[in-house]
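Paired with subunit B in one complex and with subunit C in the other, subunit A is shared by the two complexes that follow.
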Partner chain A sequence: MALVDSSQDLSAEMEVDAFRRLFPLRFFERHLSESLRPDGRPLGKARDTIVNLGLVSSADGSALAKIGSTTMIAAIRMEVMTPSLDSPDEGCIAVEFHMPPICSPTVRPGRPADEAPVISKRLSDIISSCDMIDLKELCLVSGKAAWMGYLDIYCLDADGALFDAALLSAVAAFSNLQIPVVALNDNGRIVAINGGQEENASIREKEAVNKEKRKLTLKNIPFSLTCILHKKYILADPTAEEESIMDTLVTVVLDSSDQIVSFNKSGGNALAGSSAIKSCVELAKKRGKELKEILGEMDID
Partner chain B sequence: MEIDREDGRRPNQLRPLACSRNILHRPHGSASWSQGDTKVLAAVYGPKPGTRKNENPEKACFEVIWKPKSGQIGKAEKEYEMILKKTIQSICVLTVNPNTTTSVIIQVVHDDGSLLPCAINAACAALVDAGIPMKHLAVAICCCLADSGYVVLDPNKLEEKKMTAFAYLVFPNTTLSVLPEVEGEPVEHGIITSVTHGVMSVDDYFLCVENGRAATASLSAFFRKNFQQTQGAV
Partner chain C sequence: MAAKQGAAATTYSPKIMARTRPPIFKGSDLDWTRPDGRGFHQCRPALLQTGAVSAASGSAYAEFGNTKVIVSVFGPRESKKATSYSDVGRLNCNVSYTNFASPTLGSQGTDHKEYSSMLHKALEGVIMMETFPKTTVDVFALVLESGGSDLPVVISCAGLALADAGIMMYDLITAVSVSCIGKSLMIDPVTEEEGCEDGSFMMTCMPSRSEITQLTITGEWTTPNINEAMQLCVDACSKLGEIMRDCLKQAASASDE
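What follows is the complex of A and B.
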C-alpha cells in the first residue's frame, strides 16, 4: 500500500508523462474515475473507424480497415479446386491472419506472434458458424469444381482490438469480392476468361459457367467489439496500452439479428458477472449499428 | 419435457468424473482427469528461474504446452494453449514467485467431447499437486444448446457435433466461507473464461451460464472431496 500512497503524493508534483510510465494503472484509474480515457474518449466509445475497399488490384476482393490506429488489410484470392467428397457442391474459405514485425515492437522477426494463429482460428470459426457466406454459392460444377477463397489479413499496426479490426476488414473484403468469369474448356477443365478478348467470346457464350463477374450475397454480417473489464468500469475498444495494463478482455461478436456468435473471455483478473455481460452485449449492439452504417456508406460509392 | 440423450443421461447430468493426482514421477505435480471417455493428463514443472522474452519479470510467468493425442499441433491447439494460459494466470497468485516460469504440459489421452474444460480441470488439479500458490480453483464445464432450446451439460463428441451451439465456461470454485458480494452477486458467479461456438441468442447464453454455474457446484464438491482424500492418505 505504501507504493500506492507514494504515487498519490507524487502525482501532484510529477510530470504527467513520467507518472504515466511509472504508475500506469494509477494513471488510468484517475482517468476512469472521471469517466474519461487518456485519449479523450468516454468509456463506452470506440475509436474512429475507416473502411476502404479495393486497394489490392491483384486480389479479387480487398479492404483496408482502420480502428483508431489499428490497421488491417484484407485480401481475397479465388482459385478453382476440386470439392471434397463430403460436400461436393460447396466451396471453401481459408483464413490466414498475419502479424509481420512491422505491426508491433513485441513481434520479432523470424518468430511468429502467439496471437496470430489464435485470431485466424477465431475468424474462420466465426465466418463459418454465422452463415455469412453460403458455401453453395461458391460451387461451379457439382463434385468437379468449386471456388476456394484464400482470405489473408495483414496487420500493419497493432494498437489494440486486433480481432475487431481483422473481422471488419474481412467482412469488407467479402463485400468487395467479385468472383471472376470462368469457363469449361473441351478437356473439361476450368479456365479463366479475360473480359476483352474476342476469341474467347464464343466460349464465353457457350460454356461460361458463370456469365459475368458476380458478387457474393452476404446473408448475415457479424460485428465484434472488444471491451476491457476493470473493477466496475467497462472500456470499449481498448488501445494496446490499455490492453497491456488492464488484462481482462471480453470480445463479443453479434450477427445482424443481434444474436451472439461468440462471447469470448479468456482469463484476466476481473470476473464477468451477469450485469457486466449484459453491458458488454449492449455496447456491442451499439457498435454493430455504427459499423453497419460505415459499411453501408461504402456500398453506395 | 425432457430431451433424451444417446447415452441415457439427463440434460444436466455430467459423465462420471475421475481424478488421480501425483501419478507421474518426474514432474513437480501431475494429475489425470477424466469425464466419461475424455481423458487428459497434466504435468507441472516449476517454478523454474527466469522468464521468457516479452513477459513481465516482476510476476510469475506460465507456459502451456498442448500435446494432441496424435499428429502435429495446429491452430485449434494453439488457441487452447492461449486460453489455458490466460485462465491459469488469472487463478494463480503471480506475485509470490516473481521472475519464474512454470510449465504446464497437457497430454490428451482420449478426446470424446468437452476436451478444453477437461484440460482446464486437469491443469488445476496438477497445479494444486505441485503446490503452486493459487487464489482459488477454476472449474470448467461445457454447455451445449440443442435445437429445441435446451441446454445439455458435458456433451460427448457425438452430441457436440449435433448441437447448434456450445459454450465452454470456467467459473471459480464454490467456497464454504463467506465472501463479499460483487454487485449483488456472489464471487463464484463471475465467469473466468468463456469460449462459444455457433450462434445463440443472448437469453440462451444466459441459460447456458446459469446451468453451467449450477453444475460447477457438484464439480467443486468433487474437487474438494478428491483433495481431502489424498491429504488423508499422506
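What follows is the complex of A and C.
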C-alpha cells in the first residue's frame, strides 16, 4: 500500500513539474492567486541576502553579494592616472559588469550577454549620479595624479534580479576599499609604500601623499529593488524563471534618505499605473531598510 | 565608457612588481622556505565544493591557497547549428580570467586560449563521449584569483564539476604540477615560484586507474628529476582524488537528507 502511495506521489509530482514546464504562465498565475510564489515566498518579499567582504586578496576592495542564488563578486583595483584638465583635483571610477559563460546556460564564450552592457551603464550612471563618492577624495596631487578606481563586477550565478545584486556588491566593495598608501618618487611617479620591501626603503623616508585618506566616505548609499508587474500583482525580487515568464520589470533605486535616485521600467506588456508605482517604491523602501541592516552588520567587524 | 577607454592607457598600478630571482638558490637549497612556509613536497590546503552555480547542470568551486576557480558544466545539450552530425558527443571548453585575477595581468582578464585547449585535451580522455551522441557538454571555467598552478586547479575542479553534473567518466580526473628550481622540486607552486622556475611539469591523471591523460614537461629537466616529479605527482593525484571523492560523497549525503 505504501508503495502505491509513493508512486502516486511521484506521478503527482511529475505532473506538477510537467505543468510548470508546459504552461508556465498558468502555473504562476495559480500561485499568485493564492498570494504565494513557487519558492514559498509571499509576493513582496525578497530572497535571503548575504554579503561577504574582502574575498579577493589581489584587489584593494572586494565583496561578494548573494541574493537567493544570484551571486555577484565585485572587486576594485586602484590605479593612478593624470586627471583631466577640466577637473584637475578629481579622480575617476570605471564600472564594468561582466557575465562570464559560467553564470548562465544562455551565455556562450565569445558572445557577451546582451544584458551585461546595459547593467554596466546603469550601474555607472547610478554610482556617479547619486553622490555616493566624492571624486575629490580620489585626488592625490592636484593636476598631476589622481586615483582611477576600476570596479569589476562578475556575475557568478544568474538567477534573476541581477541589477540589485550587482549594485549591492558594488556598494559593499566600496565600503571594503582600502586605498594603498603611496608616495611620489623622484621620477614623478606614484609608488606604493608597502612595509618590508627593501627597494622601497628610500621612498619610505619621504612623506606619504595620502596618509589620512585610506577609506572613502560613502555619503549616500543607493539600494535597489526590482519588481515584476503582472496584471494586478507586484512581485519583488524575481528569480530568473519569473523574469523569463513575466516580462515587465520595474527597478527602483533609492538612496539612504529614501529619495528616488533612479526609476526604470523598460517597456514590457503591463502598463504601470500610479498606484503600482507607489507600491513599488514602498517595497523598495522596505528592502532598503533590510539591506541597510545587512550592510550595517558588515561595517561593525 | 569612452572616457574609460581613453584613460585606460594612461593609468598605472602604484605597486612595484619584484621580478628578480631570489638569490638563495645558489648553494644552500635546503635552507630555503617557500613563500607560504610549506615543505617542498607539500601541497597547499585544498577547499573543494560542488554545486556553486545553481544555473548550471553541475559546478564546483576550488580554492588552493590563493588560486580560486569556479567551473560550470552545461549539458549535454544541443550542439551548435553549424556543427555536422556526430556519433559521439562533443566537448567544449573555455577558461577565462577575471580582470582582478592577478595584479600583473591588469585589465587583460579575458579568454585564455591556451588553457582552454589544454583543458579540452586533458578531459577528452576521461569522459565517455559515446554516452551523449549528437550533443555537446560545455565546461566553462572562471579563474577568480590566480595564485599559481592555475591550470591544474582548473582541471581538477572541472573533474569535480563533471561528476556533479552526472556526466559519465571512466574515473575522476586530477591534475598536479611541479616546479623545478635549481636542484629542488616543488609541488603545487605559487605564482612567485612559477615566475622563477627552471622547468615545469604538469600531470593530469585518473587516480584509480593510474592512467595519465596529459603530461607536459617544459624547461630544463634531468631524467632522475623527471622520475621524481612523476612519483610526486602520482602520489599527490591519488590524495587529491580521495579528497574529491569525499567531497562528492558529502554532497550526495547532504542532498539525501
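Things worth noting here:
Here is the rule we use: the second predicted complex is superposed on the first by the 274 of 301 C-alpha atoms of A that agree within 3 Å, B and C clash if a C-alpha of one lies under 4 Å from a C-alpha of the other, contacts with A are read in each partner's own complex, and residues count from 1 in each chain.
Everything that follows uses one rule, which is that a contact is a pair of C-beta atoms (placed from the backbone, for glycine too) under 8 Å apart; a residue touches a chain by one contact, two chains touch by 3 or more.
It should be emphasised that the depicted structure is a prediction, and the values quoted were computed from it without experimental measurement.
In the superposed model, A:A272 lies in contact with subunit B only, and not with subunit C.
Between subunit B and subunit C, C touches the greater number of residues of subunit A.
In the superposition on chain A, no contact is made by A:E242 with either subunit B or subunit C.
Of the two partner chains placed by superposition, A:D164 touches none, neither subunit B nor subunit C. Of the two partner chains, subunit B is the only one touched by A:N264; subunit C is not. When the two structures are aligned on the shared chain, A:K121 is found in touch with subunit B and with subunit C.
Residue contacts after overlaying the shared chain place A:K232 against subunit B, while subunit C stays out of touching range. Once both structures are placed on chain A, subunit A residues 108, 120-121 are touched by subunit B and, in the other complex, by subunit C. Listing the residues of subunit A that touch subunit C in their complex gives 56-59, 62, 69, 71, 73, 75, 77-82, 92, 94, 96, 98, 100-105, 108-110, 120-121, 124, 148, 150, 152, 154, 156-159, 180, 182, 189-192, 194, 197, 199-200, 240. The touching residues of subunit B, when paired with subunit A in their complex, are 53-54, 75-76, 78-79, 82-83, 85-90, 165, 167, 172, 182-183, 185, 187, 189-202, 204-206, 209. Put simply, subunit A touches subunit B in their complex at residues 106, 108, 114-115, 117-118, 120-122, 125, 129-131, 232, 255, 258-275, 277, 281. Contact residues on subunit C toward subunit A in their complex (touch as defined above): 1, 3-4, 7-8, 10-16, 18, 52-56, 59, 66, 70-72, 74, 77, 94, 96, 98-103, 107, 109, 111, 138, 140-142, 144-146.
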